[in-house]
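Let me begin by handing over the structure; questions about it come next.
By written order: A, B and C. Residues from 1 in each chain.
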């Protein structure tokens, strides 16, 4: 059996940990921005959230959707749909015996693609800016998937 | 290069595994409660789900949104947005050389904050109960992020 | 203290990595299918996405929901709600000292249940096909949770 300690390169895992932190922070900031916009636009999801703006029917009229808030929420959900798979795949990729340079390149391109995706979504930039940003990150994850499947299937 | 086995403390990882399990179970129970309320309130997302209540147009009238079901779904999505980042960050935090007491304190406060968040969301308690519960968990995750960035950046 | 290296079986971890990759790929394909259906049904979430179909008001009429697109999105969200917890729980389960045969059985049943769930959701098959597929995967995750809690609680 192959020894995990032989292929486990701590430096790659550290670099991967850094990008996991950066991507997670980026994703979690979407919650904060959404909360800020809900207050600015007075568009809440729950009657009790609008409590400071009035009671009963006065509060209820602030339970509504706002285009900017919905855009932020779609951007946040897109992060969840793409960043979480990247982190899970990336973890196994980082301990798969790949070189530090190749791994770092994958992590950097993915991170840049998600930052650009968010900018393209929130400005919003004309298409296909956002589509290309999303697809770049998607391809990076599938590049890691390809490496892993070749590696994993060759052993087990 | 630092040896991963030197900083890898199994006891912290075990405690972290316990909280991962508890938080995931809590999150997955939301699916069950939502399914239960969809049946109780007769508010389904798909025509085929209401099949037992009638055929065709009779079933279609049960394809509707219900305030209580939507509240449960928002609570579930908020769990996904907050618990999954906590677990991903927490994994690297648990192998970052932190002390068992500090790590356990982080996990416990986060877990308590999410339980209180769910209670505050579903009762619902007046604001800022839910906002404070959410923010407490958010701060715990960022406390781990801070520790990790200082640690990771000091090496790589 | 128990030595992590003694219970860490690389072969189980490799098999688990394979199922993590397969499940993540399955989940990420939902994004691609949704994007395809948004174009086919001309039902977009953002005005800029419909830019090639017209400008201004001409584009705005394609910012709408479509039953097939919404069905795909619900199926994707259900994957997120169930596959991500499975992977997080499954990781700790795979290093918990379980036998390779038992672990592989869990991974296989879960994977099959999610494939069948997607088919049942998108055809759609009459209920309780989808409900049973979902519940099978749910039970597999809770079987791993049970093993973990017994294991984790017996040590820490």
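The rule we apply is simple: contacts are C-beta pairs under 8 Å (C-beta built on N, C-alpha and C of every residue); 3 or more make two chains touch, one makes a residue touch a chain.
Here the structure is a predicted model, which means the values were calculated and not measured.
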## Note on the structure
In contact with subunit A and subunit B alike are the chains C
### Same-residue or different-residue interface between subunit B and subunit C, half as cut-off
different
### Query
Distance from the CA centroid of subunit B to that of subunit C, rounded to the nearest Å?
16
### Message
Please output the residue numbers of subunit C that touch at least 2 other chains, ranges allowed.
### Response
5, 80, 84
## Note on the structure
Given the complex, residues on subunit B that touch subunit A span 1-5, 71, 74, 80-82, 84-85, 88-89, 92, 121, 124-127, 130, 138, 141-142, 145, 148-149, 152-153, 155-156
### Query
What residues on subunit C touch subunit A, complex-wise?
5, 8, 10-11, 13-15, 17-18, 20-21, 24-25, 27-28, 31-32, 45-46, 48-49, 51-52, 76, 80, 84, 87
